[in-house]
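Two complexes come next, and they have one chain in common, subunit A, joined by subunit B in the first and subunit C in the second.
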Partner chain A sequence: MRLLVVGGVIAYRALFNWARPSMFVGTLLIGPLFQLLFFAYLGRQLGVADDTFYIVGNAVLSATLACVFGGTIAVSNERRWGTLGHVLLSPRPRTLIFLGRAIPYAGNGLLIAVFTLTAGSLLLGLRIPASALPGLVLTLAVGSLSCACFGLTLGALGLRFRDVWLISNVSLALMMLLTGVNVPAAHLPEWMRVVGGGLPITHAAEAARRLVAGDSLAAAGPALVREVTVGVAYAVVAAVLLKIFEAESRRRASLDTL
Partner chain B sequence: MRLVRLVARGTLLHVKQMSRSQFEIATALFVPLVQATLAVYLFRAGSEPHRMLEAAVGAGMMAVWTSVLFGSGGAIQMQRWQGTLEMLMLSPRPPALLIFPITLATAVTGTYAMVATLLWGGLVYRIPLDIAHPLAFVVSVPAAILGLGMFGLLLASTFVLVPNANAVNNALEYPVWLVSGMLVPITVLPGWTGPIGAALPTTWAARAVRESVTGAGPVWPSLGICLAISAACLVAGAAVMSYVERRARANATLALA
Partner chain C sequence: MALAIEARALRRTYRTRTGWLNPRRVEIDAVRGVDLDVRRGELFGLLGPNGAGKTTTIKLLNTLLIPTAGSARVCGFDVVTQTREVRRRIGYVFGGDRGLYDRLSALDNLRYFAELYGVPAAAQKRRIGELLELVGLTGRERDRVEGYSRGMRQRLHIARGLLHEPEVLFLDEPSIGVDPVAARELRSTVAGLAATGTTVLLTTHYMAEAEELCDRIAVIAGGEIQALGTADELKHYAQGRRVLEVEAFGVTDAQVQGIAALPGVRAAGVEVIGAGQVLTVASEAAVDVQSDVLRALDGVRLGRVTARQPTLEDAYVAIVNGVDRPSVAVAA
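Now for the complex of A and B:
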């Protein structure tokens, strides 16, 4: 437990170079809030969906920036700063070391999502029923954790591919399109809906919208379970990829090659 | 003439340099297409499917702004990281003339996004390229690119004074998309955003290109205002750049990242 939580927090403090106040506020708070406003006004103009759709959807999506990039940073910055070898020399289980790193980023994502939802609701006048708040926080936490596991999977690719930032940037852009956060899923082609179903956030956004609409946590439960499943799947994929790429890096003596 | 040659050669050099970066290429190739696809599905889902070409052009302009914002905002920092800032400042030319080609190059590489989104819309989503004023379109796009390149110099020179300019870059992408009316009409925004949008060359650039596509208004006044504001930005950027250079030389901080 200490390895998972304390190790994760120490790695977060050491590696997440966006944790400075100016970077945190500019990139992780202001950026997502304006993204929400952009799509809310566009949605209003086009009559695609109401403000609630965009406020809730973009609040859930706002966690992706910290979680996807955070997960990537958690692995690839070790390599960039020459400390990956030291981590892999440790006699502790790799899976725990790296999966623990997803936890602070998920917490970070939750904080950003709560801020974006609160600020977006205040600016655009959305009233969320008080009874929905506990379920909503749970949903945002699950979405953030699922997203952090996805980020860790991308970070694992950083052990194999040199420019993992490219993959992270493209993934974020695709999530905006495929998760049904900004375009209602009914208006997307079938194949995009299928791909979106396998991405984090998609089901969390659905659950959050149900809760804000006044549904009970039980009604939002199936979507939440699907989000948990997606998150667990990415955690497993990340663990497997980390093992494979670590073994390959040792065999090819390319562990610290940039 | 020598001035034009310097800017043209410099721009070509920096465009070539940017085209060697796998990250730049792939991001510039892929992300605008995703944004254009998002815009297409949003406009299709909404009440204005007839504005699809406008959506594609708007998505292209958004990508040009992104390229200018991140490329120009970090232009000087990038030269520092590459170890070429001292070489540039040693050159017997005003610093603004040496940095302007970099910011112009970021706008020129953003042109790809405009072409790509139009082709993507035409080939994949069968959006007819019925441009109301083709000649005005052909003139307004490069002029808008030039204008944004000039605006980029002001970004490059002022962002170097800001600690953590990356944070400012990341925070400015959506607000400028929004208040410039690149995809969302300015009329649906709160009234107080109007003067901010009117002071930005991005607003007039987007308006000129949109008017050339839709024929909804006279292109040339919008383009003229865009270039006038951009020229003012160029002059202000040059002044700030000279000040920054003198201060950096005096404090011996030129090469400090």
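Now for the complex of A and C:
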């Protein structure tokens, strides 16, 4: 447990590029808030959906920058510092070492999503029922954790492929398009809906919208379970990739271990 | 005899592929059948030129790489199949600026690796304090590593390598790029470790360091152990030679090649030191080449000329000079 929590937090401080207050506030809080406002006003102009749709969708989406990039950084930045070899020389389970790193990023994501939802609601006049708040926090936390696990998967790829940031950037754009946060899923072609269903935050956004609309947590439950499933799937994929790449590295000297 | 490290016919071939349409496969034999026995508590040196296979040998022994052929055991555990057991018992330190989390303090670096290396939570504070004291970083432990000098980083590397009290410590060129005072402190730390019973496998380019510290030394070149023994035993490789050193300013490569071709000369090399050069000429003991060498340096401004007995460095040069580079096979 210590490795998971204490190790995860120290690794976060060691590896996260935006941990400085100015970077954190500017990039992770202010940026997503303006993105929310942009889509809300664009939505008003086009008449596609109401403010609630964009406020909730973009609040869930706001966690992705910190979580996807954070998860990627949490693994592939070992390359930058030349510390990968020392981490791989640890006799402790890799799953704990690396999955523990996702937790602080998920916490980051939750903080950002709560801030964006609160600020967006205050600025645009959205009233959220108090009874929905615990469920909403849970939903945002699940979405953030799912995103961080997705980031870990990309980070694992980053151990093997130098240009993983390209994939991270494309992933963020795809999440904006395919997860139904800014474009209603019903307006997307079938194949895009299918792809979106396999991405993190798609189901969290659906659950959050239900809760804000006044539905109970039980009603939002199925979407929340789907989000958990997606997150767990990415965590498993990340763990498997890390195992494969480590074994391959020993055979083929394929990682920059030092 | 209890062995800390045993390697038998250890071999490692790197395979690389370049190009997509017309791929070329290249195979490089970095380590070609290394046999090694290091006793428990021994301070063992591994000397060799760049690309000789030192770091690859260490990576094979510390489980970061799998041998292409042969076998190795550390503290009795197989490095391929019993990695967890091996990793619990080894520490690894390498030279250079990388390998630490720059944004963290020394204390947090050590805390993190203490978690990774399984140091019990109750023992971490005491152990980290002891190590900071040992490597002389007490008082600076809360500073970010990004502000550390190379010597301080090296000492932190050593502290990190010792966190879990390893039975075997691999030191891969720990004093590279470190100033003389820091290097002396490092040597003192390493000697202290050996005195406590830790087995140390040290690779270095510095002969004086190897001679001062190591119980036994292996010279590796071309991926194979070329010589093995104590420093005094290795000096026999330079027996029957005498060494002439000439301080000079402006010796050309052509002149060095000309000197190397003189009758009786076994090897000649030039090293730049400050604004000047030191030409070192090894010759057969029975032949006095001094006058021929000075004649070959006609027109070059010269300083002190000295003749001396061969050192470990001369023996090392004698050993590695006749060795082929690692074989490279290219296939289309």
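Assorted remarks:
Definition applied: the second predicted complex is superposed on the first by the 256 of 258 C-alpha atoms of A that agree within 3 Å, B and C clash if a C-alpha of one lies under 4 Å from a C-alpha of the other, contacts with A are read in each partner's own complex, and residues count from 1 in each chain.
Rule of thumb we're sticking to: contacts are C-beta pairs under 8 Å (C-beta built on N, C-alpha and C of every residue); 3 or more make two chains touch, one makes a residue touch a chain.
Predicted model, so just to flag it, every value in this text is computed and none were measured.
In the superposition on chain A, A:252 contacts subunit C only, with no contact to subunit B. Once the two complexes are overlaid on the shared chain, A:3 sits against subunit C while remaining clear of subunit B. Of the two partner chains placed around the shared chain by superposition, neither subunit B nor subunit C is touched by A:161.
The interface of subunit A with subunit B does not overlap its interface with subunit C at any residue. Interface residues of subunit A facing subunit C in the complex, by the touch rule stated above, are 2-3, 6-7, 10-11, 13-15, 19, 81-83, 85-92, 97, 249-253, 257-258. The touching residues of subunit B, counted against subunit A in their complex, run 22-23, 26-27, 30-31, 34-35, 37-38, 41-48, 163-164, 166-168, 170-171, 173-175, 177-178, 183-185, 188-189. Interface of subunit C with subunit A (complex): residues 14-15, 59, 62-66, 83-85, 87-88, 90, 92, 94, 96, 98-104, 108-109, 111-113, 115-118, 121, 160. For subunit A in complex with subunit B, the touching residues are 20, 22-23, 25-27, 30-31, 34-35, 37-38, 41-48, 163, 165-166, 169-170, 173-174, 176-177, 182-184, 187-188.
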